[in-house]
């Protein structure tokens, strides 16, 4: 039965929220709906974690029967003989982590957009977007995944176009078209996978079945892997398909930047790992070098170009390019440690960037400029926001005790292990070299973060008018504080999350790794 | 002869009955009772449509008149799909048809419309080229009259003259092709042609095929036989445009599939496979490229419908039940999405006479409901989930790739890249309505109840046709039993 | 001499070509209609000839021809009516003048 | 034991959190008192722990042969990379960490106490952000303590970063001053760059230990096993599993690792790790951040940039010393870097005007001493000027100097702080002849100078003497070199001393009150530290802190005197005294000698005064090359090429759409033409293709 499965509620609650927002009369009710709903979602994902950590025997049994996917369930949707499309749900550590991330960011995002104009329409689109996100993370069925993926993409257009700022028409259109261009390749890839999903003509969209059938011939993998990887990689801001990100983020309203950088860009990395690598390990192993080069480039490239930006949002957009590049980079290492690090990086970058964009939005809302050359000495004017910004910056440049360090350290250790192993096994030094190149990003990151902090928060006050600005309001404090607590939590107790995630990568379900070890 | 076989034609007969009733009422009803004509027509046709759905579930597949006429559940289905479209068109056209300039001739409008529909039925059911040609002509000639329906507007005349001239020319070409076919096979029965020409192609066959494809492609407005489309769509009265864009296109698409599969199926690889690929690529790309620049909403939708025709053609390349089902489903969804768009355009045109995209700026401020419906229609046409358009596009691509060759992957990739362009121009409309900040030139108005009914039906269709999987599953089961392949 | 199908087919093809040529070159719509008639008639001839020479046993082609003639007549009637309309609208029937809608 | 160990780390952390979060609800006074008390308690705990370690004779800490052992108090998993490798946070107790605990807590407490007075002006008005200051001090103390008690190199790296961050925050304490902000930025980035080397070194090391090691790498990766004594003939006193010890030994000695650019990858690893040390300890060429770091409040300079953080590099090398011992190449590199830096810094210090800069450069030079003395340490029987040199004397000497230097350099900085606080300027030209006004400061400062100059019996004498002995034991060249630097040290310190307290009488300007000594909160630390730097030299380090825990001297109070190598000692004494005399001649009374001096060698003077233009060089590299030739081009490329391509697609589509609009000419003839051509082409092309 549909409603017996807990995962369905990740989609149902947002739908109910949609209804609630549509029916609510004033902004108070809308806020109430948003806050209550997102709190419910957080509670739900926490409950999932609890269940995952100590499952009931039958739950464990079910999971064991489905490659470690908890709460697995499948409902027939479109007829079997033709398309054989089912709605299949199931979660493992990675998806649970992502669900938690998304719900937290939705929660904080709804606080960050506390006083938005036209709240009703805004929250409708925002919640529709998050419906897509949650749906994407709970499904393990190519068709439904893709459907939710696009559901999550389209609201961006209106959210940026209507509530955005600056050159919003251009950015919104560019973002939508580029992401849809990615999903065009993706769609072809997925359909191709479907038609090679099984040897006996009983094609299926179900990830687990495809993985177990293992019927995609190497030649087809070589064709389909790039399709899917690039398709998701566009959303993961992989060089050279990242250019939607700076403009898009720069024009987007606060909450949208938060959700987009915090969650949507993770869809890319998650999809790359869950679909491209998981289903086509052979190609993943053989073609990794191409994408290693691309992602390795985007790690340093993003960092370098962040160094000279003057618009706060551009800086963070480029740093997102760099960090998300690191995610894909680590995924391509096909090494348990590195991939764990990649997921950790997704979590950490999600929270951290959401925090960044929230703060930028709040600062922009006060100073009405994002140009760091026009601001300065904000530490004196709005100490709370400034301190939060410093903390976010420290997290982003990988200060121990905050989330960034844990993720990056894990990635570097893992990829270095892999790289050295390759090298000694005569597998070429590519992984090694690019690992070291990626390591260099920690310095560059420090450069641009401290540059911003120095110019924006420290130094004398640039603009005398800024002196009468006020510090954060309670809802702003709440949203930022939540994020900071999460960042610090990951940074201080990483083992909890690492164990949650690493459970996913046992060789049985991840044959790519099995091939490498 | 065995008169029972007329029973197979029950849909055509029922349609004729509706036609006759409307005709008689229009002719003999007293002046003051004539006001009810529109209502009566809609009601009659609605009843007929619903009845059609009830019967087609248990539809038989059989041929009549020595195999000239064939029916099968899927054929009944496509006819029902067309009926739904026509019903919506009828409902949406009520306001327009009852305005001062056309009110005296509204009867003719309905009769012509029903006659063309009858012609399309024949096109779909024909298994003999004589019947097919009769259907084709009776589907296209009255349309010329309908296009010219607006006496006051010059564009209407220009459109109709362009339409009639090109239509007759193309039917001449088509019949030339037919004469070749006849010369080759000595028969006009699809089945016998299939047998006679065998599976090896000759210049003669290819020539004949090219002319036939050109003839039907004209109705479907495939590039390069599409040039009439934009002008006629723009010039014709909006209800006629919507009728042209969905109903005649849908029927032609189905008939096209039937002809290609039934007569020329044997020469698929070495004759028309590549023709079809070329036509599809051209149609989608050129249609999109033209649509980008359009400011007039009707012209814009004309070109969008050109590219949509290309997507519909993707259902044929598979030459299997899946493709057929995908195609019928696509047509169904396309009927709803396009008619929703045209419904909004009509509502606005009837109330303000504005059909320019620039007039739609800021529409969401003044007429939120209309602009919402329009946005859904655009999203559905662009294939955005969770609206029906997404599913139909996804299914038709899947069905096409089922054919399996590398070429088809390339073809689908090109089609997919084209969806980005199409998304761009569909979003232009959304942008005009929602994003641009200029004050709207269209003040708030209250659209007539028929318009609203039409919009409600279509929007409901857009939202539910996809998610409710029964529709597609049913179509697929019918397609499996179609016996076309 | 033996008169075979070619002796009929070639003239009909020429007729068709003439029709096409006329349709494309003449600006006067009536003239265009006439050339259309030429094309249709050549089609009819084809059918009749094929039927008569290749498949003498049956009448399919002949029937088709009858129907085609009828259809042609209908088309002409309709076209003329519309041309009259156009003539009322802008007092000539030059096809080049009816290109208000373009691009 | 364990509780006090935990508390030592916990109290500063909690103090940081408390002061950081609740600070602004406290009065300045109470914030100060709280912070100081917290640090005081930590100090007491640290003393008890250290005392217990050194003198309790507990078999955990010392075996029956009298060797000091490494004892892991606690060690918990913090982050599992994978089943074999994980980061642990723990508390390692061994001679050097115990010694460092004492140093850090002492200095830190002094600074906490001192700041109570320093951080307000003469009218008793508190600095803004006083609570923040104490919060950061606590954070720093926590990180530094965590660093020294690290049980494995990962933990060390973690706290290494934290130390850097807290130093960043403290240097930038006056965040409205541009100079302070840029100085803090510079400090962080330069050290970050060094840490890159450190990180890669760690990665290499972890890989190899894991690659050749069997079983759990994490165990092999704790310092106890990494530094399990490798050299044959000396008992493995650290009691690690023989297997691990053998593995590491084999790994490093007959370097199984592949060569890279002529050296074993492990040598590279060690060199890279040392690079991290260079960054923190401001060795050339990564020294440039330390002088600028003087922008921070003076107590901070005393704590971080004189006594504790900057010696982290030395501590790191000492920590991994046995590994370095197996890779002599690395040790040689350390020696060279240290020696060059020592000379360079001493020369520059002779010409600086800002007294804190002088002290900063002297710090660099002194740390270089420690590095050198680590670099020259070998385990072989050697003699210095005819006398026997103990095995691993250099190691002991370096640690000894670290200890004494921490004390007297902190003293000097706090003294300088007192002066600055009184005068309101960093510049000795504003001071001159203050001895009458500030007697206590004067006296303590003098003691500090004597100590650093190495005058018997002050602390510096003994440690520096040991270092020189070790140098002689290794190579005479370096020994002479370092002796010369020692002479320079004496010279520049006394130049500073005389210029501040003598030179000419201080004139009090109208309206200014005469400078005077400070409140007890500031003088007390001075006095205490002065006392320590008098007696610290007699601490029998040889019996407490050695590289393998094996005592090399007795533990009597006079043992250092007894073990003196009088040849070296007299040499260094003579040099020191010469240096002092020269300084006295040049700077005691106002005269023209200095003027003539740098007219005599203008270029030398200018180069030294401008620190050999290192900053300018770095400025050029970062701004011109990195920003100008890398970042901006990349940004441009992104905006114009990548983005341009994307826009180009759109533009091309639009152009195409305009180009083909002609076909829709609205002319029926045209339509029919195209129709016909289309049909014919369709047929023709298909025929060509198919037939």
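First chain written, first letter: the chains are A, B, C and D, and each begins at residue 1.
In this section, contacts are C-beta pairs under 8 Å (C-beta built on N, C-alpha and C of every residue); 3 or more make two chains touch, one makes a residue touch a chain.
All figures in this text were calculated on a predicted structure; none of them were measured in a lab.
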**Request:** Could you see whether B-C or C-D has the larger number of C-beta contact pairs?
**Result:** B-C
**Message:** Suppose every chain is reduced to the average of its Cα atoms; which one is closest to the average of all protein Cα atoms?
**Reply:** A
**Item:** Chain whose average C-alpha position is farthest from chain C's own
**Value:** D
**Intercentroid distance (Cα basis), chain C paired with chain A, Å** = 66
**Asked** From the C-alpha centre of chain B to that of chain C, how far is it in Å?
**Response** 27
**Where chain C and chain D are represented by their mean Cα positions, the distance between them in whole Å** = 98
**Item:** Rounded Å distance, chain B centre to chain D centre (Cα mean)
**Value:** 79
**Complete:** Each of the following residues of chain A touches two or more other chains, namely 177
**Request:** For chain C, write out the residues touching at least two other chains, lowest number first.
**Result:** 23, 95, 98-103
**Fill in**
Two or more other chains are touched by the chain B residues 161-162, 165, 169, 173, 230-231, 293
**Request:** Sort out which chains touch which and give me every pair.
**Result:** A-B, A-D, B-C, B-D, C-D
**Asked** In the complex of these two chains, what residues of chain A are touching chain B?
**Response** 77-79, 81-83, 85, 143, 146-148, 150-151, 154, 157-158, 161-162, 168-169, 172-173, 176-177, 180-181, 184-185, 187-188, 191-192, 194-195, 223
**Item:** Parts of chain D lying in touch with chain C, wherever the complex brings them together
**Value:** 661, 664-669, 672-673, 676
**Message:** For the complex, give me every residue of chain B touching chain C.
**Reply:** 129-130, 133-134, 137, 141, 144-145, 148, 151, 154-155, 157-162, 164-165, 168-169, 171-173, 175-176, 178-180, 182-183, 186-188, 230-231, 234-235, 293, 299
**Complete:** Listed in rising order, the residues of chain D that touch chain B in the complex are 653-654, 656-658, 660-661, 663-664, 666, 668, 670-672, 674-680, 682-683, 685-687, 689-691
**Complete:** Seen from chain B, its contact residues with chain A in the complex are 321-322, 325, 379, 384-386, 390, 394-395, 397-398, 401-402, 404, 409, 412-413, 416-417, 419-420, 423-424, 427, 430-431, 434-435, 469, 472-473, 476-477, 480
